[in-house]
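The first chain written gets the first letter, and so on, giving A, B, C and D; residue counts start at 1 in each chain.
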Amino acid sequence: MPRPSRRWRAGAAAGVLTLILAACGSSDGGSGGGGGRPYTIGLSNGFVGSEWRTQMVEGLQAAFAEYQKQGAVDELVVESADTDVNGQIQQIRNLINRDVDAIIVNPNSETALDAVFREAEQQGIQVFAIDQAVTSKDVTNVVIDQAEWARISAKWLAGQVGEGGDIVVVNGIAGHPANEMRWNAAKQVFADAKVNVLSVADGNWDQATGQQVMTNLLATYPDVDGVWTQDGMAEGVFRAVQAADRLKQIKISGEARVGFMRLWNQARADGFESIGVVNPPGGAVSALHMAVNALDGKTFAGGKINGNTVTIPIPYTVDQANFEQHWGAAGGESDAYSLDGSLTPEQAAEYFQ
Amino acid sequence: MNVLREIRLPGVQLSGTATVAMLVAAVVVNSALQPNFWSAYALTSNFATFVPLVAIAVGQTIVVLSGGIDLSLGAQVTLSAVAAVQLLDGRLDRLPLAVAAALGVGLACGALNGLVVALLRLQPIVATFATSFVFSGLALVVLPTPGGSVPIEVTTVYRDAVLGVPVALLAILGLALLWWVLRRHRVLRHVYAVGGDPEAAYASLVPVARTRVLAYVLGGLFAALAALAVLANTGSGDPFVGNELTLASVAAVVLGGTALAGGRGGAGGSILGAIVLALVTNIVFFADVPTTYRQLVNGAVIILALALAGIPALQKRRPAA
Amino acid sequence: MSTLLEMTGVRKRYGGVQALDGADLTAVGGEVHALLGPNGSGKSTLDKTLAGTVVPDSGEIRIDGEAARIGGPRDAHALGVAAVHQQLSIVGDLTVTQNVVLGLEPVRRWGFLDHRAARDRAAAALERFAAAFSGRLPLDRPAGTLGPGEQQIVEVAKALAREPRVLVLDEATASLHKEQVEVLFEVVRELRAAGVLVLFTSHRLDEVFALCDRATVLRNGRTVGTVELAATGEDELVRLMVGDLPHPADLAVAPPPAGAGAAVLEVRGLTTDRLRDVSFTVRGGEVLGLGGLQGQGQSELLLALFGAARITAGEALLDGEPLPLTSPARAARAGIALVPGDRGRQGMFASRPIQENLSLASMHRRALGRFALRASSERRAARTMVDRLQIKLGSPADPVSTLSGGNQQKVVIGKWLLDQPRVVLLDDPTKGVDVGAKEEIYAIVRALADDGAIVVLNSSDNRELAELSDRVLVLFEGAVAEELAAAAVTENRLVSSALRLAPGESL
Amino acid sequence: MSAPTVEAPRRVLSWRPGPVALAGAIAVALVIAGELVSPGFAGYGQLVNLMRVAAFLGVIAIGQTIVIIAGGGGVDLSVGKVATFAAIIGSRVMAGDDGDLVPAVALALAVAAAIGLVNGLGVTLLRIPPFVMTLGMIGVVQGLILAYTGGQASGRAAPALTSLVNGRLIFDLPGLLFLWAALGLLAVWLLRRTTFGWNLFAVGANRTAAELSGVRADRTLIVAYVLSATFAGLGGILLLGYTESVFLDLADQYMLPSVAAVVIGGTMLAGGIGGYAGTAVGAIVLTVLQGLLTTLDIGGAGRTVVNGVVLLVLLSLYGRQRRLRS
């Protein structure tokens, strides 16, 4: 095809777009929220390659249905896809363009969404970040304390291996904020307890990678006393240790997911012990309660909010003592199911004046 | 015409008409589904989202035109962005320095790729896959955790409009202009020649290796521009920010009518292709496709678009007995 | 007149083929110097060493008496050498203007292109050839959309735009019409008057005599002599080129086949975009030659019979059964074999072992369930062919590219013999093959016909046609122009058909 | 008359290591380096473990090898996603029950093959460049996964599959290694001892010549993509046996490493040259490298950079393209 005509078409397309834009540019911006009940709520989730996220979305939808019955809300707009920061910015902008009143976001970045959050704020939309706190002041973080979450299992492990014990660590993704927050807290715990951290490797929060990484670590450090790992990888770490036939010698910090608990349950007969700190997908539900209260015009009570972060409690921890009870309740779920917990509407209301 | 042309493997290439038609269709469908598509906010915000992909698609186009491919462009975006944001540190007066740093990093990354592909003659797909590790690792060294901030003036201006025209649209037009200027430069002419027929280009005194290097360097330059757009769009640094742009840029290039075999096409189409890609995501959202089916629809649309381009090839095949 | 160009002892080896084996050439400015020799004698390689696209293994090149080191096209350009090779250096997606100035684009400041200057330069270069184009000069058209003749002219204009002192024209007239040839010759004569040395390579002896002053003849990569053309007869020149091989008249021509009972290939009105209404009949045991100037549709006819070209009309019948002309795979299953003209691009798998090259077309016959190969039977099959065709090789596991040209060609032929085809289509089977292997290939072709196969042979070598064919169809512009019966098939008759008569004149 | 220039092909006098030998030497060197850096790395148990990890990449890269040998820019970027999908289907259908193992594997492989068929048809009939076709297919398969699972993978590996993969057989070697060896032999047989394999090399080495030799090139290419997806699916099933439970991005990360393993093993991306033995060694090299980097305590950033640099070095050994000038 002769080149000039193609260039002409490209130019024409760009020209037409520009003209239309110039013509429409003067019209008013999106109206955004600000209306009364019923509210439209948006959810932006930038990663779907994990069941935890699915559980999060489904839990939110269920809680939302309750509010719908009460007539408090009318529509939940879900933006959920595998995407990067740029894609999530587009997600949030789409939600803004849908005139939602509030956005619940599980952010892909601690910082990189700041600008779009400001856009939302300027349109009068309230934004709640879950799972991972963000730096933006235009957002209310509704999160568990990741540092505390890490400390619980780290303390347990430190107690198990004792002073002078040697451990290895299988972390998530280096540079990821949640990873850093958790690891910094756990590192401090181990330092205080005089536990030696022999090696730190990344398992990308991926069970298969975690299993392979742990296998490699075991080769080099066959005599470690324990391994500390984050959620999503405990099953892989367990299998690696099991394959090396060292379950009796090596203590593993576990997780509150059915898959791991099944392994735990099977090994319990041999004296295996572990711990599972719940990282609740239900944080989204807690955030929804907060959002409805906030949209109703309430403000957070003093002391309940630190800066712009509302810390919700870690629901519970599965340990040797209460294992039977939790296993009995959740054992029927699929392996990927995370033990969950969320604030009740009443509990959430207590955060407000 | 050589009879054997018919059984040789042609590279599929979308015609310019097809790309423009896709863009028009995407705009029409999107504005039908999205009531406030034409509002100032929707337009500014949409264009603000497009710029990074558009910029990286232009860079990818140049590399593809030269007969290569660069799978490290996304990592280059990340590295340029974190280098710039570290220098910026939220201060407006450091902006020129940061821009220079981003461009410098982009050019250096491009030069490394060019060196590896043109001089060491490694196969571009795997070589740039390998360098992408180097770049993203360095990004983590420069900025171990998300942070750094871009002056608020930058992010504000980026999402503003001048005389009703969004600044982000101006940025896209600026990228198009830059491409237009490059097209008038000897280097781009040589890029086309080398991608179209390296042997003929070599015999015609075109410095083939140097041209290939320059194509990757230009790719790095546009990656740096994409990084600046990412910073203006996000307002802060993140050591993972650009990585997923790479494959999208290849898709945009092909949707824009550039042959992956090299030598044919242009960045004008890739710019439109990038916008089409982004609009498809919007359409799927505003069409209320259930969340679980969105990626299916998204992928299917891209393949269908390419399949439409391939149908002429199907018809040109010899008639069956 | 002082010597402008002196090449001495140039040697070049590609894999197993010694393309140049001590070639010499001396030429002066202001002459048109023909470079002659049979196919595969090394003319093109010598041209390429001068243009810098091939770096010789050894040898010396002097220009104006100064030793020249030509390591690449840029060196050649700096020395004032420009070349037009058989394989054009046209980039199809660039416009004619862009192609003419490619590599030497006129630029303004900072390397920005000066479109007007480029256009002017291209227009000036093409202006001299204006008569060769139908209509206006196609300056802004993508070069790939031009016809082959026009592309060739653009290539020459591009070389001229480089203002060379030495211009190499390698088969530059092969795809030109008569009028275009005239235009080109006029330009070459102007160049000669201006003191430029033109090295001219062509298969058309009439062109050589019409244009050139002197001729250097190559054979098997070696210079056998330089002659003043004005003082040389055509026979003498031909003898220099082909050497002292036995004259075809001395060879016994195979008797016409018995006919009755043998297979019959009947082609009726075959038409493609390069063939016009071709009809003929061949019988088993017969060798049908395709003659005429090269590029008149001979290769296309063979490809069409093999299902590799799109047929717009006509059909072919083998023993009365219509042949499937829709795909090479079907044609092969129907018992047809093609030894294609471009061995490297169409015939062999350079990087694959000899064994696989030989087995490929017939292995399904030996495979269990047409799928599982037995190493032993494949090896045995290959061994049979290696012995039968006397292929000289190290190991059947070596890549076929390690063989000499003649042995490569034997592998390509052997691939089909293993499939026991009823019709064998040979497209210039001895191109680039040395003399000894040539004779062996002739023997193979004769043996095939003796075994009752139908053989259709295209050859750019008229001696070969004369030696092998029972009948020859002379093709011109895709149509059968003349049929020479067995008795009339002599080299002289063919040469007069193909060489002496200018295209377009009736025979 | 001059003597004919026919001569016997030159035998290569100086022995130059083939890509397989070279890659093998690198693997050994990496193991030795690992042993020096962290004693125990070269222990029998660890070597077995490394081999076991390499097996998944090795199986997935079988298909990748086939597609790349087929030439024409052939590459299958969808192998990771297809492997994930196969594991998800397998897991849901077998649901931890040995009785459903066979139908589960059959269904998973059939779906994978169907995806490969679509890839092959797109690449041959519609002439979509393989890179983009299989890239687009990633999105489609991810969509299918989400649609099929609703975002919540379910089921579990059947115990028989787990014991097949993880169970120790002779020499304390896990069953997985025997499976890999069997599949590897199958791949080598397919490439070297079947008409399909020889056609495949022919198409990759010279597509025009292949067509003119009566090879049905399009059909061969389609089969190549079907096989690629099928082996990817098989890799996913084996991974399921290893992890016992699935998740939504189980095998995604194998996409580009599978290409790298093929190239490090000496198979040319241009097509027509190579084989599976090299790929298998390439998979081992990459895995040993990962293992070595894990045991080196140099932090995530440093590991990533070193990984890239080592990859470049490996590629420069055999992944080079030809020169323009002769």
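What we mean here is this: contacts are C-beta pairs under 8 Å (C-beta built on N, C-alpha and C of every residue); 3 or more make two chains touch, one makes a residue touch a chain.
This is a predicted model, so every value here is computed, not measured.
Trainee: Name the chain whose C-alpha centroid is most distant from the C-alpha centroid of chain A.
Mentor: Result for the farthest chain: C.
Trainee: Any idea whether A-D or A-B has more C-beta pairs in contact?
Mentor: Of A-D and A-B, it is A-B that has more C-beta pairs in contact.
Trainee: I'd like the Å distance between the centres of chain A and chain B, where a centre is the mean of that chain's Cα atoms.
Mentor: 31
Trainee: Using mean C-alpha positions as chain centres, tell me how far chain A is from chain C in Å, no decimals.
Mentor: Computed value for the inter-centroid distance: 69 Å.
Trainee: So what's the Cα centroid distance for chain C and chain D, whole Å?
Mentor: Using C-alpha averages as centres, the distance is 42 Å.
Trainee: If you look at chain B, which of its residues touch at least two other chains?
Mentor: 4, 7, 140, 144, 199, 202, 291, 294-295, 298 - these are the residues of chain B that touch more than one other chain.
Trainee: Using the touch rule from the top of the page, what residues of chain A touch 2 or more other chains?
Mentor: Residues 48, 57, 82, 174-175 of chain A touch two or more partner chains.
Trainee: Residues touching two or more other chains, restricted to chain C: which are they?
Mentor: In chain C, the residues touching two or more other chains are 53, 72, 308, 327-328, 346.
Trainee: Write out the stretch or stretches of chain A touching chain B in their complex.
Mentor: 1, 5-7, 9-14, 17-18, 20-22, 24-30, 48, 57, 78-87, 89-91, 93-94, 96-99, 109-116, 118-119, 123, 135, 174-177, 180
Trainee: Taking the complex as given, what residues does chain B use to touch chain A?
Mentor: Residue positions touching the partner: 15-17, 19-20, 23-24, 27, 34, 36-43, 45-46, 48-49, 52-53, 140, 143-149, 155, 158-159, 161, 163-166, 169, 173, 176, 230, 232-245, 257, 266, 268-269, 271-272, 278, 281-282, 285-286, 291, 294-295, 298.
Trainee: Provide the residue numbers of chain C that touch chain D in the complex, in ascending order.
Mentor: Touch residues, chain C against chain D: 14, 16-18, 21, 53-55, 72, 219-222, 243-245, 306, 308, 327-329, 331-333, 338, 340, 345-352, 356, 359-361, 363-364, 367, 370-375, 392-394, 398, 402-404, 406-407, 415, 419, 434-437.
Trainee: Hey, which residues of chain D end up touching chain B in the complex?
Mentor: Chain D reaches chain B through residues 72-73, 75, 122, 125-129, 131-133, 135-144, 146-147, 150-151, 207-208, 211-212, 256, 259-260, 263, 268-270, 300-309, 311-312, 315-316, 319-325.
Trainee: Of all residues in chain D, which touch chain C in the complex?
Mentor: Chain D residues touching chain C: 1-2, 4-11, 193-196, 198-199, 201-202, 205-206, 208-216, 272-273, 325-326.
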